[in-house]
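Just below sit the structures, each encoded as structure tokens.
In the two complexes that follow, chain A is the common piece, with chain B as its partner first and chain C second.
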Partner chain A sequence: MNTEQLNFTVEFSGGAELLFNKEKTHQVCFPSVEEWTIGKLLIWLRDNKLTERPELFMQGDTVRPGILVLVNDTDWELLDQLNYKIARGDSITFISTLHGG
Partner chain B sequence: MCSIGDDGTEHMEPVAFTELYQSVCRKCSEVKAQVVLQSKFAYCRTCFLSMVSHKYRSTLGKSKVMKHGDKVLVAFSGNDSSVCLLDMIQSAKDDGKKKKINTEMVIVFIDERPVKGGDEQDITSISESIKAYEFPKYYCPLDSMYEIPAPIPLDEAPGLAISNESIEECLQNCKSRTSAIDLLKKVRHRLLYLLAKDLGCNKIFLPETNDDSAVNIISNIALGRGDQLPLDVGFMDDRRGDIVFLRPLCEISKKEVAFYNAFKKLDPIVLPSVIDKVRTGDSIQSLTENFITNIGVTFPSTVHTIVATGTKLLVDRENSHGVCGLCEATISTNDDPLSSAKATELSSRMSALGDKSADTSTSETVNYGRCSSANDCCSKRCKPTPSLCYSCLLIAKDFESTETWPPAVRRSIDEESSLEAMRMKIEDYLL
Partner chain C sequence: MPVKCRSGCGRNAILKRPKTGDSLCKECFFCAFETEVHHTITEGRLFKKGMTVAIAASGGKDSTVLAHVMKTLNERYDYGLRLVLLSIDEGITGYRDDSLNTVKRNQEDYGMDLKILSYEDLYGWTMDKIVAQIGKRNNCTFCGVFRRQALDRGAAIQNVDALATGHNADDIAETVIMNVMRGDVARLSRCTAAISASYFLPQESEGAIPRVKPLKYSYEKEIVMYAYFKRLVYFSTECIYAPNAYRGHARAFLKDLEKIRPSAIMDIIHSGEQMKVRESVNKQVRGICTQCGFVSSQELCKACTLLEGLNKGMPKLGIGKTSKVKKALSTIAADQVSHTTFLRKISINFLFKKVFWSTIPRWSTVYLKTANKTVQFYY
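Right, the complex of A and B next:
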């Protein structure tokens, strides 16, 4: 594995995958010269991966209420939330709890 | 109203997440926490899982409705809460330590996919995802409501084409998304009931969480279903008598369900629904969901407060007569002049009067939805209305005609109407 790169996994579940071309798992690879936080990742996902209406995924600069964020199976409320620095091999999961109606 | 802060001395502080940063479990105080509930309670994985499964068991246990020999139909849609429910049923069964009530479980998957929105792989993946459970599994499309509903073993289902044309067409004829969602829900419940009867089940498990209850409480009040609220949101719905609907997850939140599934590596499947093909735009149900979720960010106890208040209500069985042909709840005869039915009735009378003197005192009290006064005004203008409760009548108004509704529903509306007509005929002779 190239040490210069930042590899991690992004997963969508509970209906959030419908906003991302119905793909549940995305392998992401960034050049690690710069630091990547979840806040930055959200913007990147919105601009590069999102295929449906962005307001269903984001509200302001964070995720829409009702979408849970897990970093390696840990609630991001226990971490730095938007400021969490993504490490190599991390698994970041977005779970939608919204029904939609 | 909340009085904190009124005098300017106290303020409700927003919950600061820094306090939670890297905190330990509040229960065992040993292991690093992995999940936070209501923005303040941190749990580790083990304590969280045992707490959530305990909630499921205590909900069922304290209700005392489960009996030896019960046969339960589990409504499975593939979504997060139904996946969680199945796993809890299985774990409770496997747990040798606890005292158990012997029950038989049957899984039923109702296919709600629109005709041109499904994937051939959908049913295969549903079938794969629950392969590990050894309960009998059945499949039934929504459209079987237009014939005689019969469950098909799930293994035989993957090759079948989606056959939901009739219900899709029916819902597309609806003028509002709100009514379409409400009608679909009633039809789905009716189908589950008929399937339970067919399979010899006496109980039905619905995978509804307490977030769902909170949304249902607020939206059902907005829809005029206030008098049936305890049936629609409580733990038990016994409106049909012989088969009861139970909600064993009614004390578990969506967040708990999501983390339960994540910790247990359960993979929910979200399939498209016929409702996606109905006119877009907002519905009372989805606006309510957004509203409650958004307040929940700053006030994490919102859902609990709504549910705790809403589930204390009781059905007024004395002041009711007849049964609604669609939702099968009893129709309230409460003559409270402040009910929404009375308000709508007054409003339509006023519009019908036009420019003439709007004297409300002359208006007789009639049961909403029925034409009981025999004077000219009424018998000429109104055709006899079907036996529906106030809010089901509102659904019917959003349709050109109820001809496209499933025949089983139309039949029971007719039956209830003729029963009601008979009741009114003999009313004067009854002591």
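Right, the complex of A and C next:
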């Protein structure tokens, strides 16, 4: 049963959590029959988890410039970015650089 | 396949540097980031041994990273600096009170002295009260102007030799764009400087405490990544009052540029540094405010102008043109009328109709009539 699920963690920080009901950590569980990329995850997060001002999270089909994305503590710019295929147990972090200083 | 660190250390890279495009591992990134700040400090000759330096600390990412890096470099390279923290409490409930707790944590972690100055003590007004008076439209002007002066005053109280702020490369590039768009020649020529008034040219400093920007060449992305990987705790809530709209546009524009070409930020700073202003162009001369004695390009500094407006019940006074405001204020002073009698005596004509201050559109011509004088200025 467990093998058919895709479990991973989504984290928000640097102020990005403010758009997501101020919750920093979200456990996500999808049926693994489908393939999930970060691009797909973004749209799912926007439609299901985001509570306010979607324009501060996304611009077009990607994150708004100024939001950093890390997969297991690695900059997504070193990976396939939107096309990165999420694996079981991954930790995906969104950090806003746009807040205060 | 994980990307290897470009330094050849054999470890896996964890980030791509926007400035250079290099992929680096965590250790090599820390080293590169800190070394670059060190170079900014040494090449710009920002400090001298034995100096006391106040770090302007808001509890946000930039000042938290600045405090950490300054402490690290001071020990590593034996700068011989005494570091203290300086915070300003603007009096914004639910925002600054929380972020100041972060600063207090920094103080404990780094063992530095901390001084907190409040707008309430300095000016008799908190931002909460100012916003209650003028609304959310122009309040960032007050907050910015007051903070600038409050930091000067705090630095003087702490008796420091320099004030270090957390301005990063993105901030400076934004400021260059804004100054170009506004045609602000005086600010354009000094906004890129890593040091505001050099110790080597004391005649230009007018007794002001030098401000330095050690993070001048540090990208925002790297500052945030540094804080993230060092597990530094910082405060990241948006100000509850309207954000500075003009800077917001410059910022969004810059972030879009960075996405296409990450070196854009360095390029804009470089452009700002290279721009030379012809000698014949009239530039404002920096002097001293006749009222408070702090640095000002006008006879009366912006902070005093704004404060006078607030205290006279005309909070929007300082937001318009400085020269006209000065004229209006000097007339008020010349007539020796108190706040209340002044309000009773004047009639405000706007297109020959009496209107209230609050309903006058900005940049309209306004005539102020006192008992024996009429002053015209742009509101």
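Just so it is clear, the second predicted complex is superposed on the first by the 98 of 101 C-alpha atoms of A that agree within 3 Å, B and C clash if a C-alpha of one lies under 4 Å from a C-alpha of the other, contacts with A are read in each partner's own complex, and residues count from 1 in each chain.
Operating definition for what follows: contacts are C-beta pairs under 8 Å (C-beta built on N, C-alpha and C of every residue); 3 or more make two chains touch, one makes a residue touch a chain.
Quantities reported herein were computed from a predicted structural model and do not represent experimental measurements.
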- Aligned on chain A, chain B and chain C: do they clash or fit? clash
- Task: Return first, second, both or neither, reflecting whether A:97 touches chain B, chain C, both chains, or no partner chain.
- Result: both
- Message: Looking at A:15 after the superposition, I want to know if it touches chain B, chain C, both of them or none. Which is it: first, second, both, neither?
- Response: both
- Query: Counting only touches as set out at the top, which of chain B and chain C does A:80 meet: first, second, both, neither?
  - Reply: first
- Note on the structure: The shared contact residues of chain A with chain B and chain C are 13-15, 18, 65-66, 68, 70, 73-75, 77-78, 93, 95, 97-101
- Query: For chain B, which residues are in contact with chain A within the complex?
  - Reply: 17, 20-23, 33-36, 39, 42, 45, 79-80, 181, 211-212, 215, 254-255, 257-259, 261-263, 267-268, 270, 275, 283, 285-286, 289-290, 293-294, 296-297
- Query: Once bound in the complex, which stretches of chain C touch chain A?
  - Reply: 2-3, 12-16, 23, 58, 60-63, 99, 166, 168, 171, 220-221, 223-225, 228-229, 235-239, 251-252, 255-256, 258-259
- Item | chain B-facing residues of chain A, complex | 13-15, 17-18, 65-66, 68, 70, 73-75, 77-81, 93, 95, 97-101
- Okay, in this complex, where on chain A does chain C touch? 13-15, 18, 64-66, 68, 70, 73-75, 77-78, 93, 95-101
